[in-house]
Amino acid sequence: MSAVAHKLEPAATALSVDRVAMHFGGLVAISDMTFSVGEGEIVSLIGPNGAGKTTAFNIVTGFLTPTQGEVSYRGLNLRGMKPQAIADLGLIRTFQRTSVFPNDTVFDNVMIGLHRRGRVGVLPSVLGLPRVRRLEAALKDKAAELIDYVGLGRRAHDLAGSLSYGEQRLVGVALALAAEPSMLLLDEPVSGMNASETHTFVELIRKVRDRGIAILLVEHDMPMVMSVSDRIVVLNYGRIIAEGPPDVIRNDPAVIEAYLGQGVKHA
Amino acid sequence: MMRHLRTASLIALATALLMGSASAETIKIGVNEPLTGAFAASGTYVVNGAKIAADEINAKGGVLGKQIELVIEDNKSNPTEAAAVAEKLITRDKTPVMMGAWGSSLTLAVMPKLMEYQVPMVVETSSASKITTMGNPYIFRISPPSNVESAAFEKIVDKLGLKKVDFLVINNDWGRGTADDFGKMMKAKGIQIGLVETMDQGAQDMSAQLSKIKASDSETVIVTAAVDQLTLLFKQAEALGMKKRIITTGGSQNPDQIIAQAGAAANGTMHLTTFLPWFPDKTPNPEATAYFVSEWKKRGFEFAGCTESFRGYDGIRTAAAAIEKAGKADPEAIRAALWQIDVKGLNGDIVFKKSGPAGKESGQSQPNVYLIEIADGKVAMKSF
Amino acid sequence: MLELINAVCGYGGVTALQGISFEVKAGQLVALIGANGAGKSTTLRAISGLVPLRSGVLRFDNENLTGARPPRILKSGIAHCPEGRRVFPHMSVEENLDMGAYLRSDRSEVAADRDRIYGEFPRLAERRKQAAGTLSGGEQQMLAIGRALMSRPRLVMFDEPSLGLAPNIVERTFAIIRRIRDTGTTVLLVEQNAFAALDMCDHAYLLESGRIVLSGTGAELIANPHVRKAYLGG
Amino acid sequence: MRLILSILAIAALASVPLWLSDPYLLNALITTGIFVIGAMSLNLLLGFTGQLSLGHIAFFGIGAYVSALTSLGFDVGLPFGIRIVHEPWSPLAGFVMAVLVSALCGYLVGRLSFRVRGAYFVIVTISFAEVVRLVALNWVELTQGPLALTNIPPMSVGLPGLGEFIFRTKLHNYYLVLGVAVACYLLIARLVRSHVGRAMRGLMENETLAVSIGIDVTKTLTLAAVVSAGICGAAGSLYAHYIKIIDPEVFAFINTVTMVIMVVAGGKGSLAGPVVGGLIFGLMPVALRPVMAPEAQWIAYGAALIVILFIMPRGIVPALTQWMPRLRRVRRPSFSKRGIEESA
Amino acid sequence: MSELLQHLVNTLVLGGTYALLGIGLTLIFGIMNVVNFTHGILYTFGAYVMFIVVQKFGLNFFVALPLSVAAGWLLGALVELTLLRPLRGSDIDTTMLVMIGAWIAMQSATLWVWGGVAKSVPTPFPDAPLSIGPVSVSWLRLFVLAAAAALIVLTYVLINRTRLGSAMRATFQDHDTAALMGVNVDLIYTSTFALGSSLAAAAGALLGPVYVVYPAMGDLAAVKAFAIVILGGLGNITGAVIGGFILALAEELGAGYISSGYRDAMGFVIIIAVLIFRPTGLFPRAERVG
């Protein structure tokens, strides 16, 4: 890594997405996207289906390499880094559909999630050295704690694949938290949750943020987005059409038009 | 037709198995052959030859007043299985002497078991020189290893007027061994050695190797392979317009099968063989040969199989003679007796000579080797 | 014309539809709206036979089609234009259209229908030999619609036709859908762009978590505060 | 509970020679045991990372050849006039070398072939085994090619103060194989229950998610390949010193198939799967031998495989663990019992 | 020089047969994603049908060929219906092992019925080769090359120009959407497997008379077919044809100028190299069926 890559950003910015474009063959998924997320901030990325939100997530977390533009995290340029290396920086995401390891119990899911904290040499762990045993015990405590934290204590021994969508989302979040994130990227975390689950979830996100973890959220549930976000970035056809705090976005005519469709004019 | 034969042999097998448990008044001889897998065809021929011998012996009253019983097991053309089969024959069936195991790697895998249990084995087909030079005193081989074959060929070489030869051999112990031993013998005779090409066991297209040989400046090719590959080789050599003298070795040629399958492509090829079912008169033991050939035909087997099955026939007769000589069905006694017997085999007298390190020699008999030629779709003795 | 009664279905351990009943009258454009994951697409897939019903009844033109496989559903006159366009990417435009007419044997009429669709969408005519995967999103949507029409359906189901399209294309797509209805073909529309859908439909149903929670004319639903809250966040 | 079961199983296996005197069956158990070790190593890849290697016999064969050559010695010329002469070492050194060289090959193959997945990975591994076979066949100076390496000495261990112990008899070899098998079982069990094992399971179940929480794909898979290849090499070494001859036939595709059958029929991803599957499919030929014709034995073998997979697609052990709790009216599957209480 | 020419002519003749082996497998392995271990036994089956029809029933060689292909089609359909259909949706390993079981059982059944002795199939072609200058080639192999070419073209037309072919391509590009077009997807799976199998049988029927017929003849053929498919890219018919010729060339020159012992290693070395440097095969995507 060159010294240039370490160009310093103002301390307040955690994630910065700079003029990013993504083309798939002839299809333009993202044409020109620039936004940033500050430390400890909750930013939501919204827009109609197919607007490029998930693509943006995939770029930030290294699953896709953008056609143009740069992404940096805490001043470090992420270009060319593999997903697991980005995860090692503490930039952890959840997924829309496949958010769990379906054939393991919730508890084991979280244990897998604790991978980053549980790294010891292969030999010590195969030999079962006391140091490793202590670490494993600590990990188990941690896993139990995380499961309680997301409110899945009663489901700890069920297979993750047998849980409801809403519960699977929570497992996904527990997994992400287990990976010691310094920033979380949540992809539609409340889809499939009922109202009370969503409410609990919002509380959870706030708690997480209060621990100083920045959050970038992609979500369709508008009431949830409006209530939890510090700032909202609105994406349509791969382009940012508005950015600001919830109250501004709610009344932005371009957003209403794009998001709700032309029909609203007649309403 | 074939189906009937299958059924017949299965019934025979089943009967043999049933008898195994029913009668204690027999003397057992273990037969360890490949009946499935790559060598299934040859193994089956050998077993069928062995049955003729057993039936003949039993019809004449058996050995030591008892009937002999073949305990036939399939070694699946797999060395691990060959060892397991030996284990079963020795420890379960308590066979005091065995015959096997066709391929050299199969036989080599069985050999440690012979040492372990001190049971002798008559080796009927395997050709690797190593088998009789490793110092295993329980091995008695009736087939010629390639050095014996090459020594026999040495007498004919001058008459053929060889100047430079290429080799095309199957890439296993048999082919490699032949190329080594024949090469040494010829070099000593001042014959130039050109290419030494190999082909995989099971390979079907040898055009590349043949094209290379076609372009070389030698006048003769020595070929070592089993009958199926020989058939293919002759056809492909003809298709390539190759006009060199071909001499095959190893005695597993089944010339009749070659004639039937390769047709005109086989004309002019010469074969070193250890058995002459076509000319019983010219064999060392004409009566036995005539009996064996007629019995083989009577049982409905393909004549082409004779050149392989006679080994099974000779092998069993050797084992039976040793039991008779030993006077009891005891492994050690049979081992000692094997050194004393003189059996009129179909390809010469079976008398074992010592081979290998002193004190733990294996037995090796010296079978006759003949050169035959296929001319006008018929087998003829090569005359000079 | 189309009637779904107490439909229950799901994938694996999850129940996606928890007993849905609704009907589509002949000649109408009916909209199915709701949030992501509410079960809209599953409803369409259940109707076209891709997802088996665990219980419930499907009737079309008084014919009981419960448990019928996709070819039979198509044959009885229901075409399904799937979410995400789903053109066959390595087949040409023309081959894609011909796949739409797969069950028809009247060769000359198929050719005539194809020409009619080319007339409607000149861009497709220009690219008839081109692989569908190389078309732009809008062109693919036109192709998907054209392909659905090639079976000469009496009812067409559209799943999220505006998904990922530029605004002017979305407008055109909706205009085409309206015209399909106007020419006498019944339309069942699943759309995330709720207000556009409500604006053009004759009747609409709102789905939430695999249940129908509201129904009425488009205007009634637009005016409903529950709908506004769900989509605008209060 | 699990511990008690394991101890009972080991005790049962250890007692076999006390009541089974038939050397033929003991021999079958020893060769089956050796293949079971190979199958356990394959299970580490197939069952715990989801990567199907159809060239696993390559590591077995490499282990066998390395062990045999180390204990027999060799003298081989390389290009550029280099000549390597190796004096015979003890069979135990051969065993160690077999493990090391196989593991190294596992590392190389892993690094190269984990770039591809699914069907492609399957074909790469087949090709690897085939290339190794052809090298063993054609590098006559080193391997004696088809002429086979013979006179391989039996395994021996130098015991301090007691001199050299040589595993001569079947009984010795039975306990040797059992001991190595138990050690390998424990190693694999420890490994899959460690954080590395959790990473492997994560990759198998949901690779994208695993990567997103910081699991290194290449490193984890390569580690699995190294351990797996090393264990398979150990099995190969035992094979060479027990059978005492080794030729290129050891690389035959049917041997890989045998291992895969043991794993998949027994239950991939279950520790006991390869042991149960291995004992069934390893001993089936012994059971079939006296009752039917040789060809029919193979047909029965193939048919048994198909039937087992139709009835129990996930394998015998997982099917049993699913049925048994049901019989005892316990709803929860046994594998979900690990957890917080245990750790607290 | 004449040696090289002869090698090139051999390549052409051998490559044609390899191509035929490859396209049958690429349909099943590449498109249906079934690691088809019965490909070799269907090849063997085609050859045995030839042997039975020509040698045992005494029918004409040219009548026997289409019969073998048809028999291959039927056996393929039977395998799909009984073994693959119940397993659709289960993982690739399970399906593969079931195919391995079928392979072991069918090959052993062949051995049981016909024995291990190789059979040869008489042909109406002259024994003497066609010789042009220093180069020779047998008439039979020329016929096989022509027949292989014809079958490859026929398959290409079937896949690309017919209704059934369209349905196959549609099904394997997007299974659900094809069903929405009214395609009977189950029938397409069966037909595709049957088509691939009939091509394997055709290869066996053509090559059986060239070589000899025995139970394990298909093993090596199947391995080569896998190599060809990987070389050409999964599901790519044109790729399989080119892959067949590349493999033939590599083997021919490898045996001619490097070492005949490594002749059969050539295919595997190429596979390993291709997968490491171009993991999707030499000819990915282009004209891909699926």
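Per-chain numbering from 1; labels A, B, C, D and E assigned in written order.
Note that a contact is a pair of C-beta atoms (placed from the backbone, for glycine too) under 8 Å apart; a residue touches a chain by one contact, two chains touch by 3 or more.
If you're wondering where the values come from, they're calculated on a predicted model, not measured in any experiment.
With contact taken as defined at the outset, subunit A and subunit E are each touched by C, D.
Comparing chain pairs D-E and C-E, the larger number of C-beta contacts belongs to D-E.
Each chain gets a centre from the mean of its Cα atoms; for subunit B and subunit D, those two points are 36 Å apart. Centre-to-centre, using mean CA coordinates, subunit B is 75 Å away from subunit C.
Between subunit A and subunit D the centroid-to-centroid distance comes to 41 Å (mean Cα coordinates, whole Å). For the pair subunit A and subunit C, the distance between C-alpha centroids works out to 32 Å.
Among the residues of subunit D, those in touch with two or more other chains are 137-138, 293, 295, 298. The complete set of chain-chain contacts reads A-C, A-D, B-D, B-E, C-E, D-E. Every residue of subunit B that touches subunit E in the complex is listed here, in rising order: 2-3, 5-6, 36-44, 171, 197-200, 202-205, 207-209, 211-212, 214-215, 227-228, 231-232, 235, 238-241, 257, 260-265, 302, 304-305. Interface residues of subunit D, counted against subunit A in their complex, comprise 187, 190-191, 194-196, 198-199, 201-202, 205-206, 208-217, 223, 227, 332-333, 335-340, 342-344. Residue ranges of subunit E in contact with subunit C, taken from their complex: 163, 166-167, 169-170, 173-174, 176-184, 288-290. Residues of subunit A touching subunit D in their complex: 61, 63, 82-84, 87-88, 92-95, 98-105, 107-108, 111-116, 118-120, 122, 125-128, 132, 136-137, 139-141, 143-144, 147, 156-159, 175-176, 178-179. Subunit E meets subunit D in the complex at residues 29, 33, 35, 83, 86-87, 90, 92-94, 96-98, 100-109, 111-112, 219, 223, 226-227, 230, 234, 259, 261-262, 264-265, 267-269, 271-272, 275-276, 279.
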